[in-house]
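Two complexes follow with subunit A in common, the first pairing it with subunit B and the second with subunit C.
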Partner chain A sequence: MENAMSKTMNKLSENVLDKFSMDFLRNQVLKNAYGNTDTVIAKLDPRILLVWYVFFALVPWFVNNVPFLLGCFILVLITTALARVAGLVLFVFALGVFSQTGYLFVVSLLFGGDASTVLPLLILTLKVATVSLASITVFSGLDPDRLSNGLLWFGVPERLSFSISYAYRMLPMLMEEFQNVLLSYKLRGNPPSHDTLMGKIRYLIYQVKVIMQSFYPLMLNTAKRARTTVEALELRGYRNAASNKEVRKIMLSSLRVQYSDFMFIAISVLWVALSALVSTLI
Partner chain B sequence: MNTVEIEDLSFTYPGASQPTLLNVTFTIEKGDFLAIVGNNGCGKSTLCKVINGLIPHFIVGDMQGNVRVCDMDTRTSDVGTLAQKVGYVYQDFENQIVRPTVLDDASYACLNFAFKDYEERGRRALALCGLEGLDDEYVWQLSGGQTHLLALAGAVSLQPDVIILDEPIAQLDPKHADAIYEVLKDLNENHGKTIVVIEHHTEYIADYCKHVLLLKDGTVRWKLPAHEALRRVEELEASDIFPPQVTQAAHRFKVTGSLAHVETLPTTVGEGKAAFASLKRDTHGNDANQMTDTPAVDGEASRGNTSDAASSSAAPAEPESESDAPDALASSAAPEDASNMPSVPAVEFNDVTLGYRSVKGDRHVVLDHFDLSINEGEKIALIGSNGAGKSTIMKLMVGLLKPAAGTVSLFGSPIGNKKAEEISRQISLVYQNPEEMFIKDSIENDISFAMRVRDVPQWEEKTAQLLERFRLTDLRNRDGRLMSGGQMRRASLAIGIALNPSILLLDEPTANLDIATRREIMAVLDDMKDIIKTAVIATHDMQLVCQWAERIIVLCGGKVVADGTREEVFGDKRLAQLVGIRPPEIFTMARALDDDARCFTVDEFVSGFKEA
Partner chain C sequence: MSADVNGGATQSQKLMIFVLSMSLYGLATLFTELIPSFQVGVVEFSVEFFLFIPLTLAMLFDPLPVALGAATGELVFSEIMLGQFGGLGELEKFLTVAIAVYIAGTVVKNPKNMAVVGTAAFFGTALQLAMSALVDILKVQFAVEDFEAVAGLPESVFATEGFAFANDLLFSGILFCLLPTLFLVPKLHGKIEPLLGMQPRTPENAPSGAAIKLMLVAIIGFVGAVAFALVSEAGMSLIEWEADWVESGTAIAVGVIVAAIIAIVVLAVMMKKSNKKDLA
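Right after this comes the complex of A and B.
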């Protein structure tokens, strides 16, 4: 028991800085944003996908019918698979759903709950899962630029839509910076020895503390870099673009609704109609 | 016709007690290729930001005088309009790239200024900068040199009249540096652009620039035709700028009364051949310049188009030297070292493999079955082009990276088995970018951090000593990031040696530095030699390599392609072609005069040659 426990602790403490490294995170973020530009979902018109998303983000909240919700859930499950979403995002999704409702389910079972308590929780979980997967499909299946163009078309201010694509441009840089600061701590810091169980716990606490302390230099280094970026944006006409209608027109001219978009909408509508039909029959 | 006219310009940053620029007056003609030189912190970057209108529109401060660019007063025109006339490439160019893919970024400015043909303009700019075919590449997958070219393409896409570059080649290997300057030359000669560079690589100024402007303490000392400017050896050195080595050597001869017939000092190897024609190698007194035991190889391809040394010194190569493959060189050096060194190497790489995964999932191998051993007491230079794996090797040595296969050992035991605490007492790494070493809010805390967490006795005193030694006592409460380049570098060194490591690794310690700061860093290394027994420097600075290193390791594509003394490495012509390394100018000069000469420093050249 003691042995197994220390083994898990060992794994956990090693993992925080080593396995779950910044390199891995950075890679996952980039993969998520740009690594799947050749999927069916990524090729769809962003406007169509946003309309599709509005339906799946709103409707599930107002319906309590299990077969219908299940139908919607299966559909977004398929689209998520089609979008080839990065593993980390799916992991965060699973963790999120569990922390929202899943643990309630476990707790209610422990305190003598039965099927009657399970059902409402199952419905809530289904709703959360459906909405989350729809979001994942749209926001990580599309590359940030197409997404921001789609938002621009619906009248979202230029600044916001630029921020989305710029954030993705900055993220890898930010993470690299973060990694460098962490490495500085690793080189010069003096972590507690972690041979015993207590040592391992102390080591874990130490690592979390270092991560927190890294934010100060991270922010300052990023701010320093951003100074150049802000000047460069000014020189490259960013302000001009925000006030010029002509620029918006040029940007949006690349959006085009194609045959595949109609197919996507048609299949979705058909599927939802079918689920509704099944739910009334049962 | 003048593109830029500056009249009686003074500028003071808000809160500063001294003006950064004072009564600056000069003009830049259309079609000029101007180099602005001066010591660290003399106001070069500020001056360039005045030309593109960032000052006074974006950076506020007290500005006086008139600046006219392309017949527009910068004070009354807006930054956007000026930006279409003046392109700017920053020293930290990677931060001016704001779009994820190459074509996107190159055409971004054109899109913002509502040019319908923005993609076409972007493509044209990419072609001009030699980046065709990379349109859809992601920007973080580009090499350092390519990223720089992309920043340039972004500026060129708007078809400005003037292009300003702040230290365009500071962190590039010679091949990439040449590529940048060739692009600039093409833009200047064939597309009528006026080019302004802030530069302290005077060899490049001699080869490419038409005029030089010397800035000192915020005032213009003079603006002269490039070759005339480079001959002002004493004035340049007083401003912490190295003139070309050929010019330095000629100047030294003149001071001692030799070369009386030479009226103007040579600035390139080509000019040097004429000026030094009367010199003969002193084969008696000086063994250092003789290499009778190695077969003669023909002269290294000299850099740049304007110097004609390459063609004139190209004696036919002897076949024997061609067979002297780099691999053979590497293996012959190793056993020799082993015989007179302690048996346990300080650092040993044993069959190390390391790679990373790129966004699209394919694996990229950095090191493949890599072997290397470094003995205690060696002064090693690690050279090779950008991306050859220099930084990776250094990170492996301090345990920041873990090899996928194989082992890295420090003093005989694998790094993986050691505690971080033990590693940090044995070896220390000073990063290429000093900012990354500042993790506390003042440099005093940064320097003391490692000692404090280890409860090193008397850490307060030791910190005070380090601050004193690096002349940082007055700055001790400042945040490292807010200091000048030279001060940052000194602080990062102080942090690096705080724990008295016996092995010190320096990644590009002299990039972006003027001579004064460079000399200082070399002096520190010399000073510390009792404590720091072994030092490894990764660098592109061949003058530094030749002055300092005893053993040179050449990397190419994650492999050691040569390992030996400077004579062995720079004497091998095939090697130079293979990895694009280039000996210092003075070495090429000496061999242009006498094919058997091996001069690595100006001192060796001056003592090795005598007037016949």
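Right after this comes the complex of A and C.
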């Protein structure tokens, strides 16, 4: 365990500032948000997709039947492929799923588990993978405006759909600002050498300190920005619009359920029913 | 846009605080989500490295919009934007972060009192970690059939969760929550509030403690929900429903398949027709 901790510390010190390029992250996130509006999934009605998602987010937790789970998993795998999700998102997903259950398995071996532990863990992995792929399909496949409109239609608080739109529009700016502040601290600072273990620990402390300090100007700048945003919103009558039924109707009038949506649902139902049939026959 | 007589924030200032806390914490959690090596297994060593952001803000501003903003920011930036929205887990994170930040922010009456600030930051983090560890254990218990029967699994889950809790509290709790909060709160106090057109927090205009009672009720509700999950696990409604469904499943499945095929055929015909109409 101590080893694991020191490993985490090392990785931490290597990763925090050096390894990830801010531009890469920004591109991936933006690509994920706006880069695939012409896919089959993106053209579907967000309300239909949300209902579809609720099914695949809940049902796998209550079923322990392997053929059925496998069927659901294959279906969401196909929809994820159709949604053409950005590589980074899939990478984070794969890493999350496999490290989770793999690690749990290794630890359970330490406590006297054996090969019989594998099966429940595989089922757990299957469940987790199905649920997360369904969410990747819906939340990465749809562009943010359609997603927030869909959520709004279901009566999700206007605050949340506002947050989604705001997040997608402001994220590139926020990232750039964070990068600038961090870089300016880096330019002015003198990092300790990190060849020895003590040096590495000193280097880690130095990096954490830089991040902490950079949040001071960052918080002040973001506060100014938040005030500007809210004042601009107020000028346009945002708070009244958020609670006004007429405005909401106009906002949601672009949503339309088409034949292709029914087709999507029908094919999904067919597939799920088929896997349920197979699971009862076996 | 001016503050009330009693120091409370106006509606638009609450929105400003919400936006501020959402963007900062959302951005920070986006990074932690993207740096994969922080996560080791079901145990998340990383949990809340940046919890100091909402903690600091909650001690300076109205805690409720800060808590809601931070929880929403995490949900939107790191879960929905990256498509990592997993349903149950995110709901749990939303609640635990909001409750912990709100309580920590309400406890601090005077941001100049460093002892209270430090204690609140530390116990806020501890509260969040304890609640999420509890939910993690229950999640595994719920998802894995015959949890107790699987050799070595219960012990390993308890051990890893317990270890993760202790590790997170000592490592990220002190290094990433206590120290930054102690550094930032006094530095920002009196400087950041005027930017939103507000009075700095003093013991006179601090948020009232009556709301703490409300949060205690919320915690009792949380415990109640957990207890309910355990009871239903003990073999009541959900399991029986599942058993029934499997028994008569073949007939139902065949029925659903037939219905779905008919629906697909009808829809295909209708789509073709409407396409022709568009062309005509």
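In the analysis below, the second predicted complex is superposed on the first by the 231 of 282 C-alpha atoms of A that agree within 3 Å, B and C clash if a C-alpha of one lies under 4 Å from a C-alpha of the other, contacts with A are read in each partner's own complex, and residues count from 1 in each chain.
Assume a contact is a pair of C-beta atoms (placed from the backbone, for glycine too) under 8 Å apart; a residue touches a chain by one contact, two chains touch by 3 or more.
Just so it is clear, the model here is predicted, and its values are computed rather than measured.
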item	value
First, second, both or neither for A:259, with subunit B first and subunit C second	second
Per-residue touch tally on subunit A - higher for subunit B or for subunit C	C
Touched partner set for A:44, first subunit B, second subunit C, both or neither	neither
Subunit B versus subunit C as contact partner of A:244, first or second or both or neither	first
Contacts of A:166 with subunit B and subunit C, given as first, second, both or neither	both
First (subunit B), second (subunit C), both or neither touched by A:193	first
First, second, both or neither for A:277, with subunit B first and subunit C second	second
First (subunit B), second (subunit C), both or neither touched by A:216	both
Touching partner for A:139 - first (subunit B), second (subunit C), both, neither	second
Touched partner set for A:235, first subunit B, second subunit C, both or neither	first
Contact residues of subunit A, present in both the subunit B and the subunit C interface	33, 144, 166, 168, 213, 216, 220, 224-226, 229, 231, 233-234, 239
Residues of subunit A touching subunit C in the complex	1, 4-5, 8, 11-12, 15-16, 20, 25, 29, 32-33, 57-58, 61-65, 85, 88-89, 91-93, 95-96, 99-104, 107-114, 116-117, 120-121, 123-124, 127-128, 131-132, 135-140, 144, 147, 159-160, 163-164, 166-168, 170-171, 174-175, 178, 208, 212-213, 215-216, 218-220, 222-227, 229-231, 233-234, 239, 259-260, 262-263, 266-267, 269-270, 272-274, 276-277, 279-281
Touching residues (chain side subunit C, partner subunit A) in the complex	1, 11-12, 15-20, 22-24, 26-27, 30-31, 33-43, 45, 52-53, 56-57, 68, 72-73, 75-77, 79-88, 140, 142-146, 150-153, 155-157, 159-160, 163, 167, 171, 175-176, 179-180, 183-184, 187-188, 191-192, 195-197, 238, 242, 246, 249-250, 252-254, 256-257, 259-261, 263-264, 267-268, 270-271, 274
Subunit A-facing residues of subunit B, complex	52, 54, 58-59, 79-80, 83, 88, 90, 92, 94-100, 104, 108-109, 111-114, 116, 118, 138-140, 154, 356-357, 359-361, 398, 400, 402, 419-421, 424, 428-429, 431, 433, 435-441, 449-450, 453-454, 479, 481, 495, 498-499
Complex contact set, residues of subunit A against subunit B	18, 23, 27, 30-31, 33-35, 144-145, 165-166, 168-169, 172-173, 177, 180-181, 183-191, 193, 213-214, 216-217, 220-221, 224-226, 228-229, 231-241, 244, 246-247, 250-251
